[in-house]
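The letters A, B, C and D name the chains in turn, as written, and every chain counts its residues from 1.
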Amino acid sequence: MDYEAIGLKAGLEIHQQLNTKEKLFCHSPTVIRDSAEHTGEVSRYLRIATSEMGDVDRAAKEELMNQRLFTYYTYDSTGLVEIDEEPPAPLNPDALDVVLTIAKMFNMTPLPEIHTMRKMIVDGSATSGFQRTALVALNGAIEHACRVETVAVEEEACQRVEDTIFSVDRLGIPLIEITTSPCMKTPDEVHDIAQYIGMTLRSTGRVKRGIGTIRQDVNVSIRDGARVEIKGVQELDLIAEVVRREVQRQLSLIAIRDELLARNAMVNGEVYDVTTVFAKTQSQVLKKARVILGTVLHGFNGLVGLEIQPGRRLGSEMSDYAKKCGVGGLFHTDELPAYGVTEEEVFVLKETLGAGPNDAVIIVASTEQKCRCAMQMIIRRAKMAFEGVPEETRKMLEGGSTAYMRPLPGAARMYPETDILPVPVTKEYWDSIATPELLSVKAERFVTEYGLDAGMARQMAFSEKLPLFERAVSEGIRPVFAARTILASLKELSRAGISPDALSDDSIISVMKTVEAGNAAKEAVLDILTACAKGMSVSDAVSRVAPAFSREELQDLVHGIVNDRMEFIRTRGKAALGPVMGVVMKEVRGRIDGKVVSEVLDEELGRIL
Amino acid sequence: MDYEAIGLKAGLEIHQQLNTKEKLFCHSPTVIRDSAEHTGEVSRYLRIATSEMGDVDRAAKEELMNQRLFTYYTYDSTGLVEIDEEPPAPLNPDALDVVLTIAKMFNMTPLPEIHTMRKMIVDGSATSGFQRTALVALNGAIEHACRVETVAVEEEACQRVEDTIFSVDRLGIPLIEITTSPCMKTPDEVHDIAQYIGMTLRSTGRVKRGIGTIRQDVNVSIRDGARVEIKGVQELDLIAEVVRREVQRQLSLIAIRDELLARNAMVNGEVYDVTTVFAKTQSQVLKKARVILGTVLHGFNGLVGLEIQPGRRLGSEMSDYAKKCGVGGLFHTDELPAYGVTEEEVFVLKETLGAGPNDAVIIVASTEQKCRCAMQMIIRRAKMAFEGVPEETRKMLEGGSTAYMRPLPGAARMYPETDILPVPVTKEYWDSIATPELLSVKAERFVTEYGLDAGMARQMAFSEKLPLFERAVSEGIRPVFAARTILASLKELSRAGISPDALSDDSIISVMKTVEAGNAAKEAVLDILTACAKGMSVSDAVSRVAPAFSREELQDLVHGIVNDRMEFIRTRGKAALGPVMGVVMKEVRGRIDGKVVSEVLDEELGRIL
Amino acid sequence: MTLNNSDPVSVMFAGIEMDGIFINRSGEHAIVKLSSGYNICVPESFCSPKEKTASVEKPAVLPLKQDASLPLLSIISTGGTIASTVDYRTGAVSSKFTAEDILRSIPELAGIARYHTLQPFQVLSENMNPAMWQELARTIHDEILKGAQGIIVTHGTDTMLYSAAAVSFMLSTPVPIVFVGAQRSADRPSSDNAMNAICSAQAAVSDLGEVVVCMHATESDTMCALHRATRVRKNHTSRRDAFQSIGREPVGGIEYPEGTVVLAKDAVLRGTEELRLSDNLESNCGLLQYYPGMNPAVIDAFKGCKGLVIAGTGLGHVGTDCIASIKGLTTAGTTVVMTSQCQAGNVCDRVYETGRDLLDAGVIEGGSMLPEVALVKLMWVLGNATRKEDIKRLMQTNLKGELEYDLWRCA
Amino acid sequence: MTLNNSDPVSVMFAGIEMDGIFINRSGEHAIVKLSSGYNICVPESFCSPKEKTASVEKPAVLPLKQDASLPLLSIISTGGTIASTVDYRTGAVSSKFTAEDILRSIPELAGIARYHTLQPFQVLSENMNPAMWQELARTIHDEILKGAQGIIVTHGTDTMLYSAAAVSFMLSTPVPIVFVGAQRSADRPSSDNAMNAICSAQAAVSDLGEVVVCMHATESDTMCALHRATRVRKNHTSRRDAFQSIGREPVGGIEYPEGTVVLAKDAVLRGTEELRLSDNLESNCGLLQYYPGMNPAVIDAFKGCKGLVIAGTGLGHVGTDCIASIKGLTTAGTTVVMTSQCQAGNVCDRVYETGRDLLDAGVIEGGSMLPEVALVKLMWVLGNATRKEDIKRLMQTNLKGELEYDLWRCA
């Protein structure tokens, strides 16, 4: 695909949790909890302060009365700020420090004062009814001539437990929000920029790792298409595919538009009750429904069922809109007969509605009210097909296709957070911020300076255990041994189903030192570490798994083994070394270095031969 | 019975609840509650502060560990003082005023300062572990040349709900304690003095009435007998009988003593395990027991079963002692065979224990430990029989006999209540106290002054409704009508099962005034009052039960009735008055005074005849 | 050219140009609201004015009608905000106070009553003083005289308990007087203001007939509590359920959103008292908490005051070396009342030696009165009685539920 | 002949003669205990001495042995009574304090530990002062040095929280230091003294390693609570469960009579801290609660103090007209710390205007510190730091659980 030709433009908005000790506006720890551990709950309504224009009509009043009562789970690790029972603490200086560091890494310009804003969110995910957010720096550069437009610091929202129940453990964890300009021209470029930004963030060593700690939103448009924002891409590996599929979708919609115009297609918006058509249907869905409504899309035949993205058709888009009314989906004639609907029923349906061979018919089955609502949405979306691509916020589906979520946000309802004083960022402070070595640079240095091979160097640099590696090296452990031990032990533990947290950095360092001092064999490292991870102290683990085996003991052992095989050795001479070595190693593997065994055995054989 | 000859001496200790608004040492109301209404409970241990001599031996330690946890029910009408969570308020001045008034009525001498003491009670009935009590006055006179030794004011204890559960509603209600000298010489005199004291107390109009509000303890002794204190005689009518039966009991015990000495009877205290004797018994009690122990009382045959009081034998006394150990009672050979024990079993029992024909055998059945304890108590009591009458505290049984409760109290463990300042009783205050007219004097005055007959006068004076009567008279209602109405209405309401509290004094006065004003007939009074007691207002009750009937309406009615019976009247002449009056009254009874009916009828007949 | 609030500006910063509107300045910096909604702070010299776009005409606001069949309540504001609106273009929050504004903000109120609103003065709660309490009591008195069937007083929470107690003592009232406030500001979707206001209106039309404080009963939006004005304390700096009844249960509760009012057995009912204003106060009174090592000179500093409430330790004690200073005050004519810094429970100076010395020094035992309430009551008593024995008797008599009972004065 | 306590007397009163023993005199009256146990008060002239009966020889008291296998605790008495005996002949109550006396009174203690007892001084709790806190801290330090594995301090309840907080700041301790008292006097069968003492001993031999207050958890005899010394208040004048943790749960609980000790997750454990005494205190500090209408002269009275803690309203406010006086104090070198009379919750002077003015006047926000604890801490901080920034930093750093966390000082 020639992405330049079609005019692809893509931008990123990356949200990354910061690994500070405390939250952004309170002193609670930034730990995620199991919702079963909650120790309390509070229930709250949220209401939108009316604007000056607001009028108290019957509908508004009804809406207020029907407000939902949200329930929030609290924990022994959360406090009053999370449940909006206390003014927020000042902006966490550690979080600001991380954000400024990242801003500096992108060569951005910090704002002289940080003003915290409230961004209204009344879906229940913020107990206060707003999310606190502040712009920190503007206009930075990324390689490939891409730009970071803004960097902001903001607080995480609650995690939804189910329905109207939220968990406040996540609320308030600091996030950095990095917004790029729409500077990417190909799907791979989007991947590379996202990866580069992620790597830059991780280079600070001060961001959270693991699933859910980073979320990428992608903005995509092509010439003749429209800006579409795809929310919450969590896996970097999918990001290019998401862009590719969005391009495909936009191209398909444009093609459909052209075909519709060519066909003089038309949506007249008339809705018919076709319940009687299906009076004796065998379709489970239609049988259950109280009402079945139908509409004719003139000139749409074949287009509703056209695939626009893997697994997605124009019909799917219509269905997304319909689902907002609470119906399960729709049926269209491009896919019928199917799902228990017979050819005869389709025939009667088309006849009844006067649909011609070029027309498509859409039916929806549910309650009267939901069906009417859904039909309006379907007709709205059908009419949009004549425009091509609608501006939308979409959510990613498994595999990288997307579904409609909501229209693009309007002007954010933002107003100042009066509980937080502005935080000045002085020139002295900005100048004092040190930027860390990028992980990519580090990986190269590991090759040149420490002699790691390129793969291991990269793996080590990008590992969560990087700090441990750097500590080990600084404490005098040979870098190759350190890297090999750390990476292997992580792999081994994960294979054994043991959490890497079970093994303290101190233990790993201690084991490596034991080996380097010759008090345990390299071969035993993994066994020792596994024992430590299961709760044994390092010294216990060394003496149990790999009890020290002295040269004298080895000499005795070798002496015995050699005596037993005297004839064989005499027969074979020096060639016996190999086989006998095998016998000895079987006894002492991991308890004494193979080099020593070889020496002792050599001596012993020398004595005999 | 010649009580003088046998040297009867009796004294009284009378406890009467005072009808103050608030309790003796706090501001809670003095109301008794249904324990089901309790609104809270607290649980407490009580411990006795050890004396200086106290030693911590193993047994004492065990006793402390086995202390009982008492539970106290609290109410919305009780406060912190009752559960010993707050220092007491000063001595209730109203309560002191009542006690001083009573002291003055007995011509006693008040103490110049009232010092409140704590009397230790650790049976759980006082949350603090003590009862507060203070001597108020000394040495007074009662008619019959009897003396009141002391008058004290003290607080009521908790009511026991069950076992270790107490209710604090009663705790702290003020009591007056009146102690006489042992000046009564006959049972009737005890009754008369108790009645006189009770009357004197009620003359104040400031003591509580009803069951449980007054309790008489009687001290009884005869020459050769011993002082016995009988607790909690609640009905005055039984008090003489209690004394008579105690005299009988003491005389019987003395006779038994003499007979035992004459027989050379002996208690050697040996206890035998006779469980096997009853191995195949049909007696339910014995069958259930783990162990059956027996002892021989030599020379006691026939005496153990001797009645010493209606329903009580020497065996009953022994049984009371045995029950302290938790056994249900005992069997003795004077009553066997019986209760499923066969003649053969008795024979074997006696044989086994080597009991002769003059000996009695006592057996006890329970667990080994309880049986051993019980046997010791039985042997102790049997030995006491040689002394005649033991000094005891006894409790009254239904009918007036008594049962053993505990030994006479030793020196009371009393020490000062430091939370209460001494209350001075000044000469001015004492002089200012007015003593009320005695009810007996009042009754006489009602005869001479108001013309009530003696019975009604006495009934009225001693009634709880005396204040209402005096108010009615002071408001101009004729005394005889007032007394008749009040007494009859009380009777009527009680017959109808309606609480007298349902009828306010104001209503009764109002109804009486209505009648006296001629707006309702005397005959309707009870019906009107009953209607009021059921919740009707006085005016509603009058107009519904006995609608006013005017003279004019009566004249119309009479005219009609007379016209219908013209012939009869003409025939009989004046003699028709009686029969016709009956017919008219049937229509108007209770709605207009009979006197008026008679007048009107007389006029009408006069017109005709 | 000077920039004014709401002026469109173009900002040149960090090498890029951005559009926004000017909000205000802070020193040499300008605060500008960007079109994204964010406020940024840049040197004012970086901003240049842009041409104003034609302002959109505001649609006409429909007038609101109150339901004449509903009871009439007066809402008296002393500075607390019961309703706010946010201007989402500039982010400005403004507090609203006409009946119409309130009904627009909290439409549920329209179904409960009709409202008459007044604002006799407007101060921060910590700046309330006895003169304002008097003004407030007079205003309430007038409103009841004019036919208000219930009074709602919106008040900052900081000193609400003092004001509510003061109104209790100065005013006998046949109708409920409900103090209400909010712990979380009215400009946030999670504010407790609306629910508290709705519940206060329910309380004001209820059978109640006394002065109460109406605030959240718990941290959840499910129940408001009605606290007797003389037994309530703010016991948390920020929680919604900060107000708590001390030494007793609340006199009532209101379920939300149902609006059901449940009153305690001993709540004073509508019509029990007759309307009477008695608004003298002696404001020259103080309150002092004793602490170990207190310099007696601190007590001497209250010389010249007409009254002093001491919050002593435990049952009502101070260090022995402070007793002479207290005696000095009482001798000079200052009424000294002892309460406890424990807050709950009775003062009892009979039990320990120090207490007996305090009684000898002329100190009046304050029973179970909260120190703050004792201060307010003392101002009222000294404004209405002059003889020593009357002052003592009144201080020890339960006037408005501040004591559980009249204290006994032994013969 | 002068009558002395315990002399047998014959009393002639009301025309009758009574035997008794002479207790004491009150004015012209003699208090005589009658043989019935009642005390009566009669003119002394009505009493005449009687011959003494030969006094009964007291049986020898068996010496008590302590179990050498049990851990050693020190019981330090400051005046509270942990054990009393009553002389039932005269009614006199005497408080007891040797280890032997205590074990006789409360035999359960013997099964928990061995005891060493000291009485560095003996005062009523309300007369405790900073000098005594220092003496107490030194005594405890010595006892731990000498090998005590836990410390029990018996203390009157009135100012126990101040003393316990003071010891917390002055002493780093590897062993539990348990303050214990009784709300109901030890001479009554229902006293809470024995149960509290037994639980305090259980706490003192437990895994705990911090300063706590051990008192009844409820009104029933079923559980004692262990309160962190810097987060506890006496919240009722007389109830057994008067002591309550503010803004947090107790750090432990002890089931009675089982003796099971349950510690909170964040309790400081035995051995966490090393023994260190740091006993400087600046006692010239004060505490003042703001109230509406406060005369600023009351604040001026603290001129010359090194430190002043204000218990402001709500989030930490005072009336605007008091701010100048506060500024006067800070300018003259007095450290002023703001806490809240709400007690629970954080002070936050950023949110409202008055608060910002107070910060400008140099007031230090006291976070969630209880006013009383802030006073004690201020004495300690001023005794150990002189530079303004160090004082502020220490006051805003959580040293002994008095704050939930170190307050942020923004860049």
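Note that in this section contacts are C-beta pairs under 8 Å (C-beta built on N, C-alpha and C of every residue); 3 or more make two chains touch, one makes a residue touch a chain.
Given the structure is predicted, the values throughout are model-derived calculations rather than measurements.
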Where chain B and chain D overlap in contact partners, by chain label: C
Task: Averaging each chain's C-alpha atoms to get its centre, pick out the one most distant from chain D.
output: A
Comparison of A-C and B-C by number of C-beta pairs in contact, larger one: A-C
Message: Need the CA-centroid distance for the pair chain A / chain C, whole Å please.
response: 49
Query: Using the average of all C-alpha atoms in each chain as its centre, how far is it in Å between chain C and chain D?
result: 34
Query: What whole-number Å value describes the gap between the mean CA coordinates of chain A and chain B?
result: 83
Message: I'd like the Å distance between the centres of chain B and chain C, where a centre is the mean of that chain's Cα atoms.
response: 55
- line: In chain D, the residues touching two or more other chains are 237-239, 315, 345-346, 348
Task: Could you check chain B for residues that touch two or more other chains and list them?
output: 80, 86-87, 418
- request: Chain touch graph shape: choose line, ring, star, complete or other and state it.
  value: other
- prompt: For chain D, which residues count as touching chain B in their complex?
  reply: 13-16, 26, 29, 31, 34-43, 58-59, 61-62, 64, 84-88, 91-93, 103-105, 107-108, 110, 183-190, 194-195, 218-222, 237-240, 257
Interface residues, chain B side, partner chain D - complex: 42-56, 60-61, 64-65, 69, 80, 83-87, 108-109, 111-115, 117-120, 122, 127-130, 133-135, 137-139, 152, 411-416, 418, 422
- prompt: Okay, in this complex, where on chain C does chain D touch?
  reply: 124-130, 133, 156-159, 162-163, 233-239, 242, 283-284, 286-295, 297-298, 301-302, 311-321, 340-348, 352-354, 371-372, 375
Message: For the complex, give me every residue of chain B touching chain C.
response: 22, 27, 76, 79-80, 86-87, 89-93, 96-97, 418-421, 423, 429
- line: In the complex, chain D touches chain A at residues 265, 315, 345-346, 348, 350-351, 404-405, 407-411
